[in-house]
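By letter and in written order, the chains are A, B, C and D; residue numbering begins at 1 in each of them.
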Amino acid sequence: MLELLFDPSFAASVPRFVTPILLAALGGALCERAGVFNIALEGFLLMGAFAAVVGSYFSGSPWLGALAAMLGGVAMGLVFAEFNLRRGGDPIVVSIAINILAAGLTTYLLRAIFDAMGAFSDPAIAGFGPVSIPGLGWLPVLGPVFGGQSPLFYLALVAVPVASLFFARHRLGLRIRAAGENPAGLVAGGVSPRRVRLYALMGCGALCGLGGAQLSIANVNLFVENMSAGRGWIAVVAVLLTRGRPWPLLLIAFIFGTVDSLSFRVQGLGMPQQFTDMMPYLATLAVLITLSWWRRGRTANGGAP
Amino acid sequence: MRTLRESAVLREAVSWGVALAWIAGVLFLLMALVGAPFGEALSAFLQNAFGGRRLSYLMATLSRAALIAGMAVSVMLSFRAGLFNIGGEGQLVAGGLVAALAALFLPGPPLFVLGASILAAMVAGAGWALLAGLLQLHLGVPLLVGSLLLNYPIRYIASYLVAHPFRDVQSGMVQSHLVPQATWLPYFPGTRLDIGILFIAAASLFAIIYSHFTLHGYHARMNGLSPAFARTVGLPVGKLTLQTLAMSGAIAGLVGAVAVFGVHHRYIDGMLVQPLYAWTGIIAVLLVGMIPWAVPLSGLFFAAIQTGAAGMERSAGVPKEIALVMQAVIILFVASRVSGALVASSERRAGGGEGA
Amino acid sequence: MRVALCGITVRFGALTAVEDVSLAIEPGEVHAVVGENGAGKTTLMNVLFGLVAPQAGAIRLDGQDRRWTSPQDAIRHGLGMVHQHFMLQESMSVLENIVLCAEPAGRFGLVDFSAARSRLRRIAEQHGISLALDRPVARLSVGERQVVEVLKMLYRQAEVLILDEPTSVLTPQEKDRLFATLRSFRTAGKAIVLITHKLDEVMELADRVSVMRAGRLVWSGRLSQTSKEEIARGIVGGALPPARQRAVRTPGEPVLAVRDLEVAGRSGAVGPLSLRVHAGEIVGIAGVAGNGQGELIQAITGLAPALSGEIALCGRPVTHLDVERRRRLGMSYIPEDRQRMGLALGATVSENANAGRDDRRAFTRGPFLDRAAMARFASGLIERFRIRVGGPSALAATMSGGNKQKLVVGRELARNTPLVIAENPTWGVDIGAIDFIHGELMRMRDEGHAVLLVSTELDEVMALSDRILVMYAGAIAGEVAGTEADRETIGRMMTSRAHQALPEVA
Amino acid sequence: QEDRLFVYVSPDPIGVNAFLQMGREGIEAAGEKFGAEVRTYESRTAADRLENVNAAVNEGADIVVLLGFEFNDIVRQVAPTAPDIQFLIVDQCIEDRPENVHCAVFREYEASYLMGVAAGMLTESGKVGVVGALDIPFLHRYTDGYAQGVKSVAPDAAVDVRWVGGENPFSDPVRAKEQALAMHSAGSDLIFTATSGGDFGVFEAAQENDFLVFSVDINQCPQAPGHVVDVTLKRVDTAMLQAIEAILGGEHVMMSLGLKEGGMSAMALEKDALADSQCVVAEHPEVVEKMRSVAASIADGSLVLEDPMFAQ
């Protein structure tokens, strides 16, 4: 039974689940820290997935596909900025409208560009192949997890410490944190919080775009309407849970990815699909409750704040 | 002073005009790209939102509006009290599921079964909302996250229950058996609109009166504006939180029951989730800045957009993808207009108070 | 650098906040700006700093006309401002706060913190300031935060420093340290604008004084050409209120009794503490902010749980009761944070005035509100406490600070409870309002209520209290009778080892 | 202008759903043949379906064609109120049909059974898999039929049944691919996919990891040449045409289409098309032989299969 759960493909599959969620969540973290309540990650991700296919199809290079995906995401970020930052629309309403917009626009463009309905798959779409990391192969668990994944996975892994450093040491990172915490302080320092938030939204778009590229030109090589399939919402949950802190985000993304991947295998043991589908959410709730118990326990014992 | 006010009205009107021009411009561009006739599409939109033979499309809009407005009212109660409960979907599903199962298994005269099932649905919705509240108060899970996460288990539990133990085997779908026909909500004479909308109207009326005129509503609002203030002046914050959530959940449960007894007559997997009633309710509330009387109207607005767009999709010439894009464009422009205008008007009211 | 404001006028809608004000700020001088709440001081300085665009008038730097499009322009030209409300990022360290918006960026835009650190160390040494640069601001006292704001200006090499009510939150020691720093700036040739409500500070530090009233400049000149009384008369625009007479009273029954109370605090537990407040007396708690006063009050009001010990109100144990039940038993509370705890700023005056009333029958009919009765009650408060506001239906957010405070004081005192707890009740409030609030507290005492007053303002504690308790490091360091109180004794109690509570050397 | 109006209401967005696409082709062919204007209404949710059927009635359609099993309640509600309008439900039927309700149903499990037979013969590992979009009764016609077919030729073989699930089960190639990979690494060497938009993902998995798959509805073998063994064929278009013709002829139609009627089939049964189909099964004459003989015994009634949809 255990070998069924932990068959060789299990470890290797985890990064494929983790990557899009992690990239989108890091993007969401930029917004969260900048004080932009962006729950349109689903739409950003979808647009990224679509743009990746377009870029890769016409250029024949997955890297240009990824670049196109980033641009697609940034475009959505600009739309968000226009309606939320400049026109003052409520961020939740704007987010939901953008999710609808992405769903409509991608299927519309699919028809307009490729004359395809609902899905598009073509050998001309160049996908990311696995990157082999020498010297990892012999490791029992880490080998399959960290070897032979798409380059975007490694990019996502590197993005975590980079994001952490960015918030701690980069001038824009500092300003983003200030925009989220006390924007009046930025105004007094002569910096426009709105501009800082615009940058955060653009960065968020770029990262979500890459997450989308992982979906459409790394996990598979095709586009299907609504192919983000709720992963953006999981990223939103992850961002809310961690309040946009990169390292905890990595942890949550891995929990989600592992449990999601595991849930497929548990089906093989005969658990009804409805219950396996529930698993990632219940696991998150459990982590959350444990964390808050642990925190509470620490403060109750008179520990330092 | 008068000229000031008049010019403000003028400014407002002009800015609305500009927003409408934008919407029209973007839509025109989109339609031109696929070669769809703009005027025809517009009239199809309006016709399908409000017209039809014997106003049947208006009835479709109203039927949808009932559910959206119901969810909006439910969300409004939470939001005004400062409780970011986005678990309306879970509460709605809990209500719908329990309503259907109760009606299937309760013995007794139909009216009693109907009443008891609706009550059970409201209790179920309230219970699911309370769960999120208890998670926050006692286990430190923020309401925003907890209520969102709780949407998923109930959705899958409901799906499992009607897929396995309570499935209508004959139908081949994931759905419960039909509830007894005698418990179905009747149609308004001569229409295909069920009287469920009356329940929602009553709930809306209740919510408006509650928000504006009751002590509890006043206290909840104070808590919403500043939880620290509410605690300091000795309002029972924990109790307020749970009571408000329960109320909010009960209304969501009621909406679920109305969907069961009025529209589908059974619980079908996904029937309350896929149409995004809960999310549409949330945006309907935010669009009008949680002003109670405007919330049901906002729900109607969104229902009209959706049925209009669906109708436009049906009419030849406008692909369904465009209909989605149109919805998004309309929401974007209207949202930024309305939220801006409401903030401005509340400021003006405050300024006027000082001058008096 | 010489700064001149010429004919500045600022209007907010129908209200003229600043009207045709001209004044000059000279290098090597401290220029005090005084005036009642809402006189337009902050607005005028916001104009100078580029936060508010004036309807008329000009800013002149060394004789050249300047026009700011944003504070960035003003900062670039050597202006620095410490705002009335802190503009700091609590989650960030002192160093991060100081460099924010003026980051020395190195490769890839990464901030060169070590360069900033060494430069700051030089500046701090030069002016005798010391502060641990890596502590998060959230854990600094208000005094230390003030130092951060000042360092921030210095870091940007400001030549003109504007400080808007910098001392209203400081202890005497912290104030002294700040003033020493300001004197060193003056010597260094910087121009300093100091906004304050405290005339003693003006007399102590200023070289030049400007008095504002209702948006106009009513007097401006050298300090030597005027006197404290004259300035005060200028501020209120007429005669000064007479000095207060204190009636002698013998205290009655104990209303509040606290025994061996322990509360969790920010840095370790507070307590055990014991104290009593009797009917007809004002007990003042003096002490440097952050020595456990806040925690003590939270435990008494029920906002925070007690770890151990007992609290009795009117002879009834209340340790395990919630806020609501304690208030019903006979407790009123004027919190120091009026913006967050005292008022719901988004609600109307009437809604704020009626919150927390226990005579619910008086403004409800069954579950429904009697809006007219609520408005009547609010109007009564407005009249009785002379609150300057449009009416019961105005939003609380539109009131000035002093009027907000009066509304809170009015609401709480109108409850007429045996116990009144007042926490820094005159923070940032002008002299007229201070006098009024002090008068109300005295009246409560004279009518036989027990008053527990917590204040970091030593003068306030001494002026009002029948007994004074001094808190230090979470415990009561001593007690003095009000009549025998003198600054020296109390100061020694609250500062005996107070150097430990003050900022450490970086 | 045409004097007739046919309306086709799909239960879900048509997109890549081959079954629903065939429905549209069928209605268009019928429109051409019988001189009718044709409209297609796509639904997304249960509420949309009701609205669309009502709209079709409103627009005065002559025949409303409803594809899929989702329309039973709606037809039962609406048909009695519109006696002049003919309703054709394809894929499902209701009891006590009113005069104006007609049905055409398919016995998908018969063709799926054939896939199972092929899988049972070809498996080397003794384990085969099937993945459906969502655990709904309708899809058990594919999964259970397949499993029975496997057992009929390889009683000891194990059948791994799994579902895509998730937020978007009918078009999630990423999850579908992942599920196929998981089943493959758990030992299945032949996988039957009925995942709608997810099929592409399963094909990709098959190509990358070199295993064999079966699919549904139309000839999908060219999608992954050398990796698709066979597909079930569902002739919605012809069924629709036949049914509409009968309705217009005044009949009260109740058609059940399986292997016998030619409504269901498999590439292996198509003598003419098999060679060019790019299906792997063409390289295994013994399998084709067996499938044809089983199909024959199903068609002549000597082998009776139960409809898995109504099994509990």
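As a working rule, contacts are C-beta pairs under 8 Å (C-beta built on N, C-alpha and C of every residue); 3 or more make two chains touch, one makes a residue touch a chain.
These numbers were taken from a predicted model, which means no experiment stands behind them.
Visitor: Chains touching subunit A and subunit D alike, please list them.
Guide: Per touch definition, common to subunit A and subunit D: B.
Visitor: Taking each chain's centre as the mean of its CA atoms, which one is farthest from the centre of subunit D?
Guide: Chain C.
Visitor: Please tell me whether A-C or A-B has the greater number of C-beta pairs in contact.
Guide: Most C-beta pairs in contact, of the two: A-B.
Visitor: Could you tell me the distance, in whole angstrom, between the mean C-alpha positions of subunit B and subunit C?
Guide: Using C-alpha averages as centres, the distance is 45 Å.
Visitor: Centroid from C-alpha atoms only, then distance subunit A to subunit B, rounded to Å. What do you get?
Guide: About 29 Å, centre to centre.
Visitor: Take the average of all CA coordinates in subunit B, do the same for subunit D, and state the distance between these two points in whole angstrom.
Guide: 36
Visitor: Among all residues of subunit A, which ones touch two or more of the remaining chains?
Guide: Each of 107, 272, 274, 277 in subunit A touches at least two other chains.
Visitor: Which residues of subunit B are in contact with two or more other chains?
Guide: Residues 163, 320 of subunit B touch two or more partner chains.
Visitor: Residues touching two or more other chains, restricted to subunit C: which are they?
Guide: Residue numbers touching two or more other chains: none in subunit C.
Visitor: Of all possible chain pairs, which ones touch?
Guide: A-B, A-C, A-D, B-C, B-D
Visitor: Spell out the residues on subunit C that touch subunit A in their complex, using ranges where they run on.
Guide: By the definition above, subunit C touches subunit A via 50-51, 70-75, 81, 83, 85, 87-92, 96-97, 99-103, 105, 108-111, 113, 139, 264, 266-269.
Visitor: Which of the residues in subunit D end up touching subunit A in this complex?
Guide: It is residues 13-17, 21, 134-135, 160, 162-163, 165-168, 171-175, 177-179, 181-186, 197, 200-201, 204, 223 of subunit D that touch subunit A.
Visitor: Give the list of subunit A residues in touch with subunit D in this complex.
Guide: 4, 7-10, 13, 16-17, 107, 117-119, 121, 215, 219-222, 224-227, 229-230, 233, 261, 264-265, 267-268, 272-274, 276-277
Visitor: For subunit A, which residues count as touching subunit C in their complex?
Guide: Per the touch definition, subunit A meets subunit C at residues 165, 169-172, 174-175, 177-178, 181-182, 184-192, 299, 302, 304-305.
Visitor: Using the touch rule from the top, collect the residues of subunit B that touch subunit C in their complex.
Guide: 213-216, 218-219, 221-222, 225-226, 228-236, 346, 350-351, 353-356
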